């Protein structure tokens, strides 16, 4: 295709992806409130719209029209930059995530992915690792002890868990031999023993890696049980104590966007991406994989919420000990085993 | 053409970040500008085709090392650096020496490398090939560096561990 | 020609003994030490005897090559040994007399502290002396030369606790240096002009030179320089002064080193390089003159000395003078002959004197002796033989050799002969004086209670625990020496009685065997350069001379014997018949006597001429001038400068990180500039 | 097409900036960052040369440089923390006793 069409298509895809993502973020919040509510025997949001379905919209409006106050004594440039960094990093990583097979519109054959780079996974890792800055700077720049402690905790926790996160992915990479997410997904097509889907979690024996990834992901996204950085009971709201209105919303969005991203990555790497039962007319054949994929992500998000609703919070030293003394060795062991397996298969 | 434009843009970003690192008084600003430098350097690497290097640059440098810096800055709550009366040597000899050296080097570089130019992605450093090289031709250095890292970790632990928190070890 | 003669064993054996005694002797008992020393020196002697037995079957000179020492271009010096008649004679003398004196020393030194030290030194001396004798080139000879000097220094200063002994040792050493200096220069000249130090090569290249031809001047210079060396080692004028003082050492040492062997090294060296001397008549003349002067001079001093050992010392000097006369007139074989006999009887004299001293508990002043004839018969009789020998009374050894020399001297010039004759008279006079004063008359000493002022007593304290004295009554009254000391005396006595008979001149119906034995050496040179003027004296060294019949020779023999008898009678008159007379004569002579007693004030002269200026100069120029103002000053200023410089540079080490960075950047700039410059040119 | 020399000049500029920072900065952390800047400049030249000579080893070197830089950062920051504990300052001009 020509450069102009390429640009047009990319632009369209980007806008689409962003729209979908932000909507998803908004409704993830709704979903969480709903689910946790039911878990705690309450209704959750019900007033705005049926089942409170318009609640996220109301929240958005609220954020928009709230007074955007900046406390004194904050280090302004970074105070402003921090949430932007956070949300940018969160949104960027969506760019390399494939959501489905190729679709053919007229003459041109488009991948359901903003861009397919052969080091996609690395980019995701890099971007998420950059996400730390948002948190850290927010905590530091807003010049309050709660924020600082939150920021410190957050950055330390993220750095620590990033290692085991990355290591847990390496197993899959070794099985596939590529960084391209699309290749990874394609490698998981089909079944073995006739009925078991050829997903890495099954076929590659990566379920340990999968759980390591899951826990690390919780930590990465500062979710319960690892939400030390914003532990309400200890330090009011952690790194975004001093934030309000749109800036706070940005952190909010960033967190949920990250949740979605890690969920997407998990399903891509371990659960065979969009593979699933495909049937019907071409348009349906094109969209069903997307459906399966979204289903998986939804499942993940549900687990997130479920965990939040059930598990208590770690203590900080426990958190670190867990990360360094349990997850990391486990990931390395898994790595070694996988390497042996790969070597034997080859 | 676009190639040159991209190069110039990110090159300018690089230089701007570097200069900003110098002029900023507050270490955290310097750190962030350094992050900018690294990010745009990653793009330059991409232009040269070293995609894996670029990724690692972002992950390791921007994502780990610089985070470490920021973390330490926050930990020590480093404020504006006060303009103490430093040594005159640094200004009398260091700066001129630096200028002379860089001018000479620049001249030599222009002289020797001539006007040979590279296309975008001239030398694709795909992860596969890099890995192959790393684990065949450069296996020994690789292992040695791993040991180096191990030792560095232990040293860091020893140094940073609180003097009274550890028994028997010498205060570092 | 037997290549496996193992000459090297001869010097090495004593060295081994020295090493054993020197390094381990401290723990040994005296018996062990003595055994070791005697074993090795005796072994050396036996080796020499073995060599001598094989000698007739050798093609002389026999050179035994051991190893290459120095090789610089064409110039090469080897560790190689050179055996011919001359060195054989020397070997026999050195090892034989040396062995006897070793035996003697065991008895003599038994009471002494540092017993092992003494024998270690003695063996070292043997080693170097044998090296000197056996050397096949001047350099190796020089090693021995210096070595014996060292040994004599150590042994003279053996009782280093005594100041006089220490200073005597130093004196000997320093005076010898003067001679060695000349010797060295001679060697340099040889290297310079003949490119070699090997005897054979040097003599080969010297042979064609005649006094008329060019290069004679060179030979004269070399000869004179060699003579300087010889004068130093053999105590000739003007360098004799060390020898009398050397008597500070133990008597066996005086006997071995300062009478029998070392001091004769000069004579050996001169006659070894006779080829050079024969071609330098002037040098020969100088040698002769020095010899005569020394002989006379020392003899006159000898008359007045009262210390028994000093008398002997001066007589040694004058006897050496005789030998040099012989060398000077070209009668090298006669010189060697006298060297040998002198080794016998002078060694004997010293040993006997030592025995006397031993008997009277370290008293050395003859005026404190007398009437010992009956108390120490062995010593007396042996000493008598020696005295007669040295006095030149036939048929004792000394007679033949001395007579030979005188006869040769007369053939060269009547002046030599006359002075030699007078010296002979003086010699017999002071020897008999010694003889009478020591053994006749009544005892004047106080040996019973005199236990002080003697080295023996000095040594007593540390030898109390030593092994029991070999002789019964320890240090009671006057007593005969232990058998260990008597045996060598007797053997030497026999030698000095019969020693001369191997050289009976034709005039007395003998057929000078000794000369014929040595003939080949002192002829070889002549043969090579075919009967020139210098060879005249040598030509008739074989027994019969054409121009002067036996009559004249007999006449001269008679005269010299008569001179000896006159000396005897005079001594009898003065010191036996009328002991008061000498004082009166001395009073009559007055100033002259004083001068002679004080050895012509030579020591004082030297002190004023050389020693004081030297000390003053050293103090002023070397010490204050150079050492303090140059060397020390440079060191101090260097330290000072370093201090200041570092004081200024210290500020670079400011501890300020950024200043370091500045330096590094500047240095980097320099390096880069250098590299660019190197790269672009 | 971009001339190799551009990349090299860029790396040179970065390196020079690093040196300057080392020289003029007082804060020890900033100085440390200047070092990192120098390393980055060198890395760029490595990659550029790799592209020029078509030798991937240039990029490999970059990895080693990064690893060393990481190790250095770990130790160096630990040292900085230790220094801060004893000196209560990060100003290198006040840490010149050459002893702890």
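For reference, chains read A, B, C and D in written order, and residue numbers begin at 1 within each chain.
To be clear about the criterion, a contact is a pair of C-beta atoms (placed from the backbone, for glycine too) under 8 Å apart; a residue touches a chain by one contact, two chains touch by 3 or more.
Being a predicted model, the structure only gives us computed values, none of them experimental.
Engineer: Which chain's centre, taken as the mean of its Cα atoms, is farthest from the centre of subunit C?
Structural biologist: A
Engineer: Report which of A-B and C-D is connected by more C-beta pairs in contact.
Structural biologist: Of the two interfaces, A-B and C-D, more C-beta pairs touch across A-B.
Engineer: Measuring from CA centroids, which chain ends up nearest the centre of the complete protein set?
Structural biologist: D
Engineer: How many angstrom lie between the centres of subunit A and subunit B, each centre taken as the mean Cα position?
Structural biologist: Taking the average C-alpha coordinate of subunit A and of subunit B, the gap between them is 29 Å.
Engineer: Determine the centre-to-centre distance between subunit A and subunit D, using the mean Cα coordinates as centres, and give it in whole Å.
Structural biologist: Chain centroid spacing, subunit A to subunit D, equals 33 Å.
Engineer: In whole angstrom, how far does the Cα centroid of subunit A sit from the Cα centroid of subunit C?
Structural biologist: Taking the average C-alpha coordinate of subunit A and of subunit C, the gap between them is 110 Å.
Engineer: Using mean CA coordinates as chain centres, what's the subunit C-subunit D distance in Å?
Structural biologist: Averaging C-alpha atoms per chain gives centres 82 Å apart.
Engineer: Out of subunit C, which residues touch more than one other chain, so two or more?
Structural biologist: Residue numbers touching two or more other chains: 654, 656, 658, 661-662, 665.
Engineer: What are the residues of subunit D that contact at least two other chains?
Structural biologist: 19, 23-26, 93
Engineer: Could you pull out the residues of subunit B that touch at least 2 other chains?
Structural biologist: Only 52, 56, 64, 68, 73, 75, 86-87, 90-91, 94-95, 98, 101, 105 qualify.
Engineer: Any two chains that touch count here, so list every such pair.
Structural biologist: A-B, B-C, B-D, C-D
Engineer: Can you list the residues on subunit B that touch subunit A in the complex?
Structural biologist: 28-29, 32, 35, 51-52, 55-56, 58-59, 62-64, 67-68, 70-71, 73-75, 77, 126-128
Engineer: Which subunit B residues qualify as touching subunit C in the complex?
Structural biologist: Touch residues, subunit B against subunit C: 86-87, 89-98, 100-101, 104-105, 107-108.
Engineer: Would you pull the subunit A residues touching subunit B in the complex into a rising list?
Structural biologist: 77-78, 117-119, 122-123, 125-127, 129-130, 132-133, 136-137, 139-140, 148, 151-152, 155-156, 158-159, 162, 177, 179
Engineer: Mind listing the subunit C positions that touch subunit B in their complex?
Structural biologist: Touching subunit B: residues 652, 654, 656, 658-659, 661-670, 672-673, 676, 679 of subunit C.
Engineer: Which residues of subunit D touch subunit C in the complex?
Structural biologist: 19, 22-26, 28, 31, 92-93, 95-98
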